[in-house]
């Protein structure tokens, strides 16, 4: 029996309209697109409002955390962007945002993205009883170095460097093939879930 | 102070200073009061981005309100823009009026947002098939490697195949564990070097674009 | 002559095949196993097994576990739900204290559905498990929480102040947690940068399927105890726990979809190969 | 005092900083300036803008989709270099440039970047604020919206370089299958490079993103900073080789050192 739940009907209708883009662009698809964007913007706004209440209003009013007035003033300064004359004032708060987020990304990078990767590669330098894993470890070390050589900018990719860079490119392509396969898996699963909503929850085919 | 100082030098100096402070907090052992202040700084950015949201809302209305008002334009365009604004305002009012865990808000979220959000990911599975049909061609040695590696891993991920031909899985697993690992590592180390260099450029105020807009 | 040009026409036509046919076959192929499942067996991979073994051996009664979410609703039904439900169930069975928190906007709602789907046993809200809600700021929020829980969290998701929740008295910083698990589809390094590196806490991932390739190097270098990824990870975890659920119900459709994708790869290349030969002949 | 476990990380930062300063001096005093190799993806931008000029159709450009709340990531900052360059070329040739910003806090930045590009080309009046848009900061909705813009505004080029996530595929997919739009993508985030490989005509892979500014401006200071990246790549390779050899010989000295 087909579902009698209004909510499921709304969902199913939206999904079908959404999937119609596969055939061609049409008004139903555009309706879902605009609905999606409208709700998304509204949702973000609500969340931001809740954040402001819990992180600014409550601490200042009930806990007298007056240090928080500084970011509030800086935040208000962002709005100067609306004035053509004083728009430059907004650069000050933007500098804070840019500075903090860049600093946090950079300071962690040395360890996780450089040292840890080097250490992990180094630790493959162990002779094991089975030949295959020795070969694999050797390949990993060599191809990792070759991949790095691909990113050398100031030396022409010729001779030994050229060969290494070529091996690096090939290694990267194998890596990408691997990730594409996984990415497809990551898209297929939501599709299965969607079809399950349609076929099982809505049409009750099973 | 000259207007150049106010407009350019001070904001750039603020960014550099913050970089130094946050670095210092990471590398040096500091009194608790100082490190508390710095973790507070991290919270500031969250507050600041909340204020930026207002500008974004204005941007959205600035695009769609004129579209609704434009007489003589395509009727469906006008209706759709109006619908976008209406559903946006409804979501905001319900979210703020009833709060997010409320049944009313959940209704909007579960029935309008969630299915379409899943829809984006689901439709990509179709487009993946379409894109692969167009671009996955063994034109060169590199492209051949891409195709073969992709094929091996896709078939490895197929539960039936690994159940019928157990050794087949080891081919795909080899791709994952050998070039999959080493290629990633090379890429990650390269990016790490780039990120740190970027940080130094910001310290030296060479990356001015996010702050002043100029190169 | 005419025969040749006809053949050429066919290859060019196949090379420019309307993608809509591809979509149509794809949809048909997925619908069948969903309506009529075959119930094929699956294989458990080592990261999932290691994750399971870690929880089984090292997480005991009263151990505090942080579950940080960076999820998206789009991926929720198949990517996260099967694994997070299976893993949460396992953690509840072990008697651990669970702290759910997230920086993904919709996550608290999703966490609610997790609570609805599992058998919580004698566990009580606020004593054994808590949902702390959503905090914007991504990695920044993650790091702020690690430094000082109370600088970030003032109330739980339902608005109860944290000082009224018994289990919140036990945690001040990241050091108070035994195990941290990040439920995410993208930023893999956050956990390592903010928890593993500075505090040395055991970390694990519950990710989307696409993350397996990304997590592999970190798992290979033992920076994480293991990971459970996507629908398949969930199905594997369900197999390990001997508790079939949503994961195992969808594996047949998964097989069909993957096979089709592999066939398209072959098809595209055969057509390309023939077409190239034809062009060379000319 | 330095925190233990982070000493060598600090050393890296200091050495990298010193190297850049020394290279600047070398450049200034001796005029040292090596030649950089070509990056096809960046060369292609001019081609796209040229095609847009001929056809009189617009171009979409965006500095990517930094994760919600993660704010402005370094990758996004690198991506802004491309955004600025595209806007500049568009201003020069009178092509309409539609820029989109993902996060609310990105909007003022992108506006400023595009506006400054128009000012630099001495056409401040041609800058239209409504062509720099905030769409939404939900990843999937954003990708949908970008695709809508590219199709309905009939964009010749779709250039998105910066932090990108799994949805990035959706930003390019329909345009790639349709074959009417030229896609140029770039991201350092290794997980998403493959999405671009499958859909884009040209891709900036990984660290190449951080070379964009130097390559596009050919500014000597930027080039020297990029040169320092080359040096540190070789240093990393050296560390791997040396460390592995030591490890084979049974000494974990390098590992201990790096963990200091």
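Letters are used for the chains, namely A, B, C and D, taken in the order the chains are written, and counting of residues starts over at 1 for each.
To be clear about the criterion, contacts are C-beta pairs under 8 Å (C-beta built on N, C-alpha and C of every residue); 3 or more make two chains touch, one makes a residue touch a chain.
Note that the structure is a prediction, hence the values are computed from the model and not measured.
Colleague: Please find the two chains that have the most C-beta pairs touching each other.
Modeller: Summing C-beta contacts for every pairing gives the maximum at A-B.
Colleague: Relative to chain C, which chain has the most distant C-alpha mean position?
Modeller: Farthest from chain C by mean C-alpha position: D.
Colleague: Identify the chain whose mean C-alpha position lies nearest to the mean of all protein C-alpha atoms shown.
Modeller: Measuring from the global C-alpha mean, the nearest chain centre belongs to A.
Colleague: I'd like to verify one number: the distance from the centre of chain C to the centre of chain D, where each centre is the average of its C-alpha atoms, in whole angstrom.
Modeller: Roughly 28 Å separates the two chain centres.
Colleague: State, to the nearest whole Å, the distance from the C-alpha centre of chain A to the C-alpha centre of chain C.
Modeller: Their C-alpha centroids are separated by 14 Å.
Colleague: What is the distance in Å between the mean C-alpha positions of chain A and chain B?
Modeller: 4
Colleague: For chain B, write out the residues touching at least two other chains, lowest number first.
Modeller: Residues 23, 26-27, 40, 42-43, 45-46, 48-50, 52-53, 55-56, 60, 100, 109, 113-114, 116-121, 123-126, 128, 130, 132, 134, 136, 146-147, 150-151, 154, 157, 176-177, 180-181, 184-185, 187-191, 193, 195-196, 198-199, 202, 210, 212.
Colleague: Give the residues of chain A that touch two or more other chains, as numbers and ranges in rising order.
Modeller: Expected reply: 21-22, 30, 36-37, 40-41, 43-44, 47-48, 51, 78, 81, 91, 94, 97-98, 100-102, 104-106, 110-114, 117-121, 123, 141, 144-145, 148, 151, 172, 175-180, 182-188, 190-191, 193-195, 197.
Colleague: Using the touch rule from the top of the page, what residues of chain C touch 2 or more other chains?
Modeller: Residues 19, 23, 27, 72, 74-75, 77, 105-106, 135-137, 139-141, 143, 185, 197, 208, 210-214, 217, 220, 232, 254, 257-258, 261 of chain C touch two or more partner chains.
Colleague: Give every residue of chain A touching chain D within the complex, in rising order.
Modeller: By the definition above, chain A touches chain D via 21, 25, 30, 33, 36-37, 40-41, 43-44, 48, 78, 81, 90-91, 94, 97-98, 100-102, 105-106, 110-111, 114-115, 118-119, 121-127, 141, 144-145, 148-149, 151-157, 172, 175-177, 179-180, 183, 186-187.
Colleague: List the residues on chain C that touch chain D in their complex, please.
Modeller: Those residues of chain C that touch chain D are 19, 70, 72, 74, 103-105, 136-141, 185-188, 197, 208, 210-211, 213-214.
Colleague: Report the residues of chain B in contact with chain D in the complex, numbered from low to high.
Modeller: Checking each residue of chain B against chain D gives 23, 26-29, 45-46, 48-49, 52-53, 55-56, 59-60, 62-63, 116-117, 120-121, 123-124, 127-128, 130-132, 134-136, 146, 184, 187-191, 193-204, 206-207, 209-210, 212-215.
Colleague: Which residues of chain A touch chain B in the complex?
Modeller: Interface residues on the chain A side: 7, 10-11, 14-15, 18-19, 21-22, 27, 30-32, 34-52, 55-56, 67-68, 70-72, 74-76, 78-79, 81-82, 88, 91-107, 109-110, 112-114, 117-118, 120-121, 136, 139-148, 150-151, 168-188, 190-191, 193-195, 197.
Colleague: With touch defined as at the start, can you tell me which chain C residues reach chain A in the complex?
Modeller: My answer: residues 20, 23, 27, 30-31, 34-36, 74-75, 77-79, 105-106, 134-136, 139-140, 143, 154-155, 185, 189, 192-194, 197, 208-214, 217, 220-221, 223, 230-232, 250, 253-254, 257-258, 261.
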